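Each of the two complexes below includes chain A, the first together with chain B, the second together with chain C.
Moving on to the complex of A and B:
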């Protein structure tokens, strides 16, 4: 391959300068003449029947123009994918504190709040479930929808992986471990809260600007709940101020609500959430309880894994079927086993609700399995780095899913690189020899590895279409239905198109996703934008290039294969360079079409849901992280003093973007390890703002030493795979393993806060309903 | 959105007169780092904010004849940067430096920290150790109350409506005094104290403790000196065993004051730890711990 000019080279982030200068307009910055403000009445009970709902008093409040409930939507506003169990506004029942019940639109935010408070809503409290282990008890109150198969309505799904019989094999293993691990819910903490703006069109349709990841999903939902043809609903995604998986369902509800209100009032309607409303109403990373049994021979060969867990989806299914499935695929870690089974059962409760969040199930299981692997290494008296190197997946291995890995498996290289970068061997030895009973501060170093399936896998059809257009002023524009919500995908597309066309990236612009101009490319999830959207961009650019090459050959009077490029210019046999602009005008004179589509479809995969076997993903990301900590044994304070991360992301296309994703992901994992706990107590969120819900600050984060192994994937664009989600996955277990090394204290339930590190358990204040109730009425 | 008036006071007299204007509930506004947070979740409890943050004399740190005066609207950042405070009462500078983040320290004030009277207020333990006195001015005149007595319960003080903390004074401790402030927070910045301690002390020529003051933060309802613990230490030669005994006594008195609460299993270990470390830092020059 010729040397790459733009791919893998420093580049300016598309939209970066505008953000830094404060010029970027988010949906909350949009103000239109005559615009109304929407506000939602939300449930202050975790589980209740709606006995009476009367919005007419709200309509008498000065400034209020409209109020809607589930009755204002077709089929009560029911939506959801893959399980249709949600409503645009609550229908008959509310299932969590913060669930939307009715929405008003008014001339001012104050009038909207007054209208919201005037609504008559009588709720009859129902018994609720706050513990996932009680969800399937026969007498448990019904939270989930009735099932056709007669199973408990609170049962959401079972997600297995089956290879052999680990139960039997564990009996033959020299060393076994059997431990329980638990993760808690985590808040996405995007800087921009939820928001949407609806505008009615003269044709009776609606345009909705909504901060979300995947515009075609709300288009479908809005069309369905408003009973409009999809062509009458246009969804445009403005710049998104962070998402991390968090801008699906709740934003679709906001989009549906403003769309309905805009149609009703014939005026633009905008809804922007306060931080408290966002924290209370939004879905989180779900909590998981795991029981992991591992077996190994005394030479350190891992042989058996039995993984059983329960995942709490809360009040609605949201993305939990897919999260649970991804969790099941990754539950055993990136290792070889002779026998391995995974059983994940997902249930409904009334503890808020769980949806997509960076890592999507893998973050949860990795924190368990990577601790279990460490505990096994300890039991074998093996260095945990050596133990992982001995057992980790390599090219040619067969995974427990029965997939043969044929290419692009860089885990060994990641482990070796991070071992060297972090000075692992020296530190591990030194810290292991600290006095056992010393008080004060002790240091430790820990490692965690991961694999992470690229894109959707067997979750669904996996393809993307990009478009490219060369305009009269020679500007090139790219269109994608996939959103750049801070991931840098627009820069990736720009660099790919620049590389293919042989032109400077400054000639290229990328449009914001708009369902009327972009092609549906599936959801912007699963760290798939680079691989799917990047390949689609590449195909589109190649299609355009073909026409330009023909024009150049015609102009230079030569065969296509005689063409060469020097800078942007074309050179033929005469060796006289012709500028790219000249070629472009010649192409126009020839009447060639200077726009193109490019579609890319992912390789076929298949999964047998019942037998838990198949090819779940067409490629995998691999990585390893090392954390060095200092634990204050008498205050429980953990200071992470160094982090090293080496990930195999395939070919790096946009280096600063890749490092940005790596560092940002690690900061999420850092918070997950040490601070973050969405503390629902009896269904009520206790921390409703960032004064008590703690995420790491820049003062807490140590320097991160990042690196990439580029085990190129033959079908990725220029060999690229993915980075966004897996960056955070191994951080928490690496830190927990380091804490265990430093202190001898194994924290099997996240987060490793002051009390858990010092006492081995968290201390809980009495539950209070006050924060939620006050926050839902903030005016 | 709450509706209320706002007035800028140019002088202390001006402020007192605005605060005491009949028919209007007025409260002082300095940095706003507590008022505005409370305003978001509480019903409006005043009609007018009287901005005292622009009164020049309330923004001054002065030292004269061994006596320090901190204006009520002196911001924590000023205290952090003041050379006299850094040299003579480093635990107060350290405490101020541990508050919030740069934005909070640029706005938050001593007067506000005292008047808000949170059990975890970071500037208070050091002020209590220094026996600092708050100077309150009202239409009735001036009165002086020790900070330790002014705060009566969490978020409760003796400050009467219409009274303004114009300044806080304390006598500089002996030049040879060493002081230490230790704070345990859940993270390194923007962190509310889980527990803290301020200690100051001196040794006589024979190496015997002849002066010591101890005030923990976020341990009991209000920041108070633990005088019994101080008495245990006075007249003794510093040593690990002595400090362990002092730590145990401190913890016992904390529990006696608060009863066993949900957080006691943590605090009883952590308070002893930071007390021992602070004492070791001051009297055994153990720099590692503070």
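Moving on to the complex of A and C:
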């Protein structure tokens, strides 16, 4: 391949300048003349029947212009993907504390709050389920929808992977382990809360600006619940202040609510959540309970894995069917097995609800399996790094899903690189033989590895379309239906288009996602923007390049294959070089079209849901992280003193962006390991703001040493794969394994807070419904 | 009540209720939306401004407390030509910006630190930023940007 000019080179983030100057307008920064403010009345019971709901008193409050309930939507506002079990506002029942019941629009936020409080809402409390292990009991109250197959309505799905019979094989293995692991819910903690702005159009439609990940999904929902043709609903995604999987369902409700209110009042209507409302109402990373059995031979060969788990989706399905499926595919870790079965059962409860969050099931299972693998290495008295190197997936291996890996498997290189970078061998040896110091502090070092399927996999149809246009002022614009919510995908598209066209990136602009101008490219999830949107941009740019090349060849009196580029200019065999602008204007004179769509469809994959076998993903990201910790044996305080991470992301396109994703992902995993815990007491959230729900600060985080292995994927754009989600996946188990090495204490339930590290269990705190109830009524 | 103070080196005079925060005064009455609202309990630092050179959470300051004082917001941080200053340029070149929502507060916190400590260590930078939450970056490149700016400013002043 010719040397790359822009890809993999330092670049400036698209939109970055406006961000550092404070000029970027997020949805909460929009102010339109006559704009109304919306506020939603939310349930203060975890499970209840709506006995009486009367919004008419709200309409008598000065400044209130409209109030809506589920009755104001077509088909009661039912929506959801893949399962339609949610409503734009609760219909007949509420299933979690914080569920929206009615929304008011008023001249001021204070009037909206007063209107909300004036609504008459009588709830009749129903028995609720707060423990996922009780969800499927015959007498358990019904939370989920009735099922056509007659199964328990609280049963959401079963997600298997089947290869051979590990039950039998475990009996033959020299060494076995059998352990339970548990993860808790995690808050996304995007710094920008949820928000949406609805504006009625003159043709009877609606424009909605909403801080979300995938504009085409809310467009579909809004059209459906307002009974409008899709062409009358335009969804625009302004700059998004962080998402991490978290700005889907709840913000789709906000979008639907402001759309309905805007149509009703003919005034712009904006809704912006307080932090408390955001934390109480929003979905989280779901909690998972796992039982993992592993078997190995004395020589350290892993042979069998049996993984059984329950995943708690809470009150609604949201993305849990997909999360659970991705969890099942990755549950056994990036290793070879002779026999491996995975069974994940997902259930409904009344503990808030779970949805998409970075890592999407893999973060949960990786914290289990990577601890189990470490415990197996301990049992075998093997170095955990050696044990992983011996058993990890390589090119040519067949995975437990029966997929043969043919290319782009860089895990061995990641493990070797992170081993060297972290000075693993010396530290592991030293810390294994350390005396207990007088100060009671002990150091340890731990590792965790991962694989992570690229893009949607067998979750759904996987394609994207990018649009490129060369304008009269020679500016090139790119349009994508995929959202850059801080990930850097717009910069990735810019660099790809610049590379293909041979022009400076400063000539290129990228539009914000807008359902009126972009093509539906599926959801911006699953770390798929670079692979899917990048490839689509590349195809579109190649289409434009072809027409420019025709014009250049015509100008230079030569054949296409004789064209060369010097800087942006075109050079032929004999004539003088011509500038890019000259070529562009000649192309116009020749009548050539200077815009193009580019569509890219992912390679075919297939998954047999019943037999748990197939090709789940067309490519995989690999990575390994090492954590070094110092544990205070007297207090249980863990200080992470160093983190090293080497990931195989394929070709690196935007280095600062890729490192940013790596470091940022690690910070999510750091919090997940040590203190983040969305604590519900009987359905009531205990931490409703950042004063009690702690996320890592700059002073908490250690220096991170990152690196990339570029095992290029032949079908990725310039060989690229993905980075966003998998960056956080192995961080928690690496830290937990380091804590076990330092202290001899294995923390099998997250997070490894002071109490668990010191005492082995978390102390029961006095819980209360007060902060949650008060926060829902703040005016 | 009439609230008069110096905002980004310009005198301002605004009629506003006495019981609102400085954050609300800036965003709702002066329409300066660069200062962000994200927790309103003084935990996240998205609303950071400088008040007489001190880094403060504007969500915790009553608007009348600004009377007669100097307030600097992100709109007041720039080069002489109105473009990004050296710290802001370093945020861009070091990849310190992702979603950008915390960034105005981070830039203010960085400037506040550098006015007090011209040559902070990385650990001192980390402690100085501990009141500003970022969920995107893991802070590495933000620390890099502030460290690089400090080094450049020291070099320039020598």
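One rule holds for everything that comes next: the second predicted complex is superposed on the first by the 774 of 779 C-alpha atoms of A that agree within 3 Å, B and C clash if a C-alpha of one lies under 4 Å from a C-alpha of the other, contacts with A are read in each partner's own complex, and residues count from 1 in each chain.
Here, a residue touches a chain if its C-beta (ideal position, glycine included) is under 8 Å from a C-beta of that chain, and two chains touch if they have at least 3 such contacts.
This is a predicted model, so every value here is computed, not measured.
In the superposition on chain A, contact of A:242 is made with chain C only, not with chain B. Judged by the touch definition given at the top, the superposed model places A:754 against chain B, while chain C stays out of reach. In the superposition on chain A, A:764 contacts chain B only, with no contact to chain C.
When the two complexes are overlaid on their common chain A, residue A:190 makes contact with chain C while staying clear of chain B. By the document's definition of touching, of the two partners only chain C reaches A:19; chain B does not. Of the two partner chains, chain B and chain C are each touched by A:691. In the superposition on chain A, contact of A:720 is made with neither chain B nor chain C.
Of the two partner chains placed around the shared chain by superposition, chain B and chain C are both touched by A:699.
Set side by side, chain B and chain C differ in how many residues of chain A they touch, and the one touching more is C.
Contact with chain C, but none with chain B, is seen for A:663 once the two complexes are overlaid on the shared chain. Residue overlap on chain A between its contacts with chain B in one complex and with chain C in the other: 691, 696-700. By the touch criterion stated above, chain A contacts chain B in their complex at residues 109-110, 440, 634-637, 674-675, 691, 694, 696-700, 753-755, 758-759, 763-766, 774-775, 778-779. Chain A makes touch with chain C in their complex at residues 10, 12-13, 15-26, 28-29, 31, 188-193, 239-244, 274-275, 485-488, 655-657, 659-660, 662-668, 670, 689-691, 695-701, 703-704.
Taken in their complex, chain C has these residues touching chain A: 31, 33-41, 43-44, 46, 73-75, 77-78, 84, 88, 91-104, 107, 122, 125-127, 129-143. The part of chain B that touches chain A in the complex is made up of residues 1, 37, 40-41, 101, 184, 186-192, 194, 262-263, 265-266, 269-270, 272-274, 288-289.
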